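Here it is, the structure, as structure tokens.
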Amino acid sequence: MKQLPKQITRFIAGDAQADRIVPPTGYTAELTIFAAAVMAFLAIFSLALSSSMGRLADRWSDELAQSLTVRISAPAEQMDAQTSAALNVLNTTPGIASARAFTDEEQQALLAPWFGANVQIDALPIPRLIEVIEDDGSLDINGLRLRLQAEAPGAQVDDHARWRGPLVASANRLRLVGWMAILLIALTTAAIITLAANAALAANRQVIFVLRQVGARDAYIAMAFVRRFTLRALTGSAIGTALAVIFMIVLPSGAAGNGLLTDFGFTGGGWLLAVLLPFFVAGVAFSATNAAARRMLRSLT
Amino acid sequence: MIELENVAYSYGGGELLSNVSLSIQPGSFHFLTGPSGSGKTTFLKMLYGELIATAGHVRLGGIDTRSMSRDQIALTRRSIGMVPQDTQFLDHLRLVENISLPLLVSGRDTGSAQTNLDDLLRWVGLTNHANAYPPELSGGERQRAALARAVIMSPSVILADEPTGNVDWEMSQRLLTLLVELNRLGKTILIATHDLTLIRAAKAQVQARVLRIAERRLHLAGADL
Amino acid sequence: MKQLPKQITRFIAGDAQADRIVPPTGYTAELTIFAAAVMAFLAIFSLALSSSMGRLADRWSDELAQSLTVRISAPAEQMDAQTSAALNVLNTTPGIASARAFTDEEQQALLAPWFGANVQIDALPIPRLIEVIEDDGSLDINGLRLRLQAEAPGAQVDDHARWRGPLVASANRLRLVGWMAILLIALTTAAIITLAANAALAANRQVIFVLRQVGARDAYIAMAFVRRFTLRALTGSAIGTALAVIFMIVLPSGAAGNGLLTDFGFTGGGWLLAVLLPFFVAGVAFSATNAAARRMLRSLT
Amino acid sequence: MIELENVAYSYGGGELLSNVSLSIQPGSFHFLTGPSGSGKTTFLKMLYGELIATAGHVRLGGIDTRSMSRDQIALTRRSIGMVPQDTQFLDHLRLVENISLPLLVSGRDTGSAQTNLDDLLRWVGLTNHANAYPPELSGGERQRAALARAVIMSPSVILADEPTGNVDWEMSQRLLTLLVELNRLGKTILIATHDLTLIRAAKAQVQARVLRIAERRLHLAGADL
């Protein structure tokens, strides 16, 4: 294990002379670098999309948690009694984290759009509003309605704010699409690199034949090709990743607010993934080329 | 030491070679003849681990090639210099690099072989082409380069498949002289050729046995050659 | 021109004998088909994303167009006069398509969330609401406020519904990202096919050399390769397109409502583009291979 | 008719051939000799449009190869059969298909040439290998296949570069007989070879001129050969 870093250094530094035995493979080289770059670019973008959508879904879910309102319409003298009865019911209902009556100031603020800021709220027969915060999805709204009807006849449950539910579902689905795209891109990268490595090896059959003929061992021949392809894949995907990151940074960040993509990009974990991506691609290239080289070698004596 | 015991070879159809037994002593000089398509190249490839006998045993240094691992074959080849009939090179490397390729792949220092390399290039008449790429060489030049590559490691056995098919008479004498010299240094030499004048010329310089493939069998040719 | 269909038929049917001169190119063949398929798949997905986002942005923009409300709070006796004065101002303001006072029933419906459905609206000092529909973005809200202040002192302009603005911007940006992805994918496809064609041609240098040697014309040699690659690209991208379309159809369509992706997919024009995509890819392959073949041929005598 | 007028060729360094003038009459039989690396292959390639003279004029059928379009060169090659020194085939096609390749690429019916093809295969001794793939052939078999491919179109000129370098004496006599027969039918023949015994054998059957490349010039060899 202590040898590993040395091995890696040697792998990257390579043996300048041994390297020369593999011809510059021209188009397959460009193909590998290019494909690795594009795939890394697309992967980073999908990752950012997934990650943004994930955060959006989380935020909207949080807002949804406060989406239930109970409205008590009752004659002024019964108002307080019914309010505390309703609060009682709510605080003993499973699935509800907390329930709290709005203060007069809060009610006034809510109504401002309709009446203007200078309305005298006490002069109006305004219902009392109770803000309910759910704690998970387990709240049984119909059961709650029945219990409230019994305890506080003037109480009405209003979940009109639930309209954001489908939005959350959509954001979650976009996140899923993002992850699927990443998976697809990873598979494609592996496949393209494998095919490119195979194509290069097939094109270099003569080289491999000559090397075997003059007494080269399989490991020596395979390593020469593997090094080439791994370094190419690493280079390509590093370029693609860097371009994608730069692109995301300079992408105009749009209007502030709760927009969909105003915070398009990564959080900490995403950055880590972005840094690891080129090494992942290099790893794929390493094993693909190694397998292809061994297979080709076995077909020659 | 190379030993063949009841060796047969078939490419899938009928047997091309049957019941071949032979023992090639270290330091001996052999020619192999036979009509085109009789199996000379096939025979040499068996002595080299490129083809494995379909029956019988081919033993190199006492080990049957059939039971050799791929790495063992690679290592064995480092002590066998092969001049193939269809010479192939690494086209992206210069001639000198191609000739020193056996040194490179076996991890030997190419620098120490420098004088050796220069002498060799001079002898095969390729000094002026040292920096050319293989596709820039003429047919005869390629053949000479292949011979140089085969002997650069100073292998104990040299197998040459029609090494003079593309060179003029004078040059073929020069190449023969090189091989005779190496034989005098103790190397085992086996040359497959259809060029009877070459064999005659060699017999004047060295004690050579002539093997002939005819009707799937290996015969020892008489002194009439 | 009348010859064109015949030429195309001949191109596809090909010359069975002439076809054989090009060896089955193994890995580059698989590479081309695979790359074309994946790229088509990704392109269709990006197209669907763009198209969905476009529709979403359009819908939200439409809703935004009705996002302005004018509220008239005035003593009951001045209400009608101020309302008609305000309507007057609104109808002569540039950038406003129409303005219309809500009826009592509409106002009651709007207030229901706050008071319940059985509130007696006439008993309340409720302001009158005017719905304003903008026609483009040219409305000068501050100018409008000043004019209204002069004509109808009780009028207040409320554009609180504008909160969806950033969402529309975001949807538009997602649409843009989708188009950028399509562009990137198109470029990548062209590049991969070009590189694969070049790699295959480089690997077949000997074949081309032999063909020239025995007297084959450039057009004959080039066409053999071009046919191969074009048909491969067509096959690959048709497979990819078909898979993407099937995938989109079976993708669970999620909750109904105004979700982001509940109508993920194409409209008419999108379907047309999907059908055309394989032919586009084939066209790219045709010109890329043709250029590569001509280039390689010129390097041989 | 092939005409060379003050032709020179250089691969970029010094001139390999200088000031070569020659006129090859239809129906004539020529040999071309010279040491390995002297420029025989280069010379043949110029007669074939593969290399364009760096100075002077090479005229095929009266047209300078330098001013020929690529399509004109392709068409001209259909009346020239070339046996290259390093024979190359389409390795994915069987031997028969390779031999009839010139017919295929020129759009001729391969069916009508069938008897011709069978006779040809028999003459060069490849009947049993008709369905083999080129990598399955021996060195001499490939050379014979290349000759068969060169003559299948019944071209008016046949250029052969070391066509007997890899075949035994008997087979080389057979191939020579084929070329002599074609010459009697009016074909122009030019053979580059370093095999002087082949030249002597030919001179016994046909009136042949021997050209020799020496010190960058083309000489007409005397009767001493």
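Per-chain residue numbering starts at 1, and chain names A, B, C and D are given in the order in which the chains are listed.
Please note the rule applied: a contact is a pair of C-beta atoms (placed from the backbone, for glycine too) under 8 Å apart; a residue touches a chain by one contact, two chains touch by 3 or more.
Everything numeric here is computed off the predicted structure, so don't read it as measured data.
**Student:** In this assembly, which chains make contact with chain C and also with chain D?
**Tutor:** none
**Student:** Approximately how many whole Å separate the CA-defined centres of chain A and chain D?
**Tutor:** One centre to the other, that is 68 Å.
**Student:** For chain A and chain C, what's the span in angstrom between their mean Cα positions?
**Tutor:** 22
**Student:** Centroid of chain A to centroid of chain B, CA atoms only: how many Å?
**Tutor:** Distance between chain centres, rounded to whole Å: 63 Å.
**Student:** Mind pulling the chain B residues that touch 2 or more other chains?
**Tutor:** Not one residue in chain B touches at least two other chains.
**Student:** If each chain is a node and each touching pair an edge, is that a line, ring, star, complete or other?
**Tutor:** Here the contact pattern is a ring, one closed loop where every chain has two partners.
**Student:** Touching pairs of chains, all of them, please.
**Tutor:** Every pair of chains meeting the touch criterion: A-B, A-C, B-D, C-D.
**Student:** Within the complex, which stretch of chain B touches chain A?
**Tutor:** Interface residues on the chain B side: 49-52, 70-71, 73-75, 77-78, 82, 84, 88-93, 97, 101-102, 104-106, 110, 149, 153.
**Student:** Could you pull out which chain B residues touch chain D in their complex?
**Tutor:** Interface residues on the chain B side: 11, 33-37, 40-41, 85-86, 125, 136, 138-141, 144, 161-162, 165-171, 194, 196-197.
**Student:** Contact residues on chain A for chain B in the complex?
**Tutor:** Contact set of chain A toward chain B: 17-18, 20-21, 23-24, 206-207, 209-218, 220, 297, 301.
**Student:** Enumerate the contact residues on chain A facing chain C in the complex.
**Tutor:** Those residues of chain A that touch chain C are 26-28, 30-31, 34-35, 38, 41-42, 45, 49, 71, 73, 110-111, 113-116, 119, 123-127, 156, 158, 160, 163, 165-167, 169-171, 173-174, 177, 181, 184, 188, 191-192, 195-196, 198-200, 202-203, 254-262, 264.
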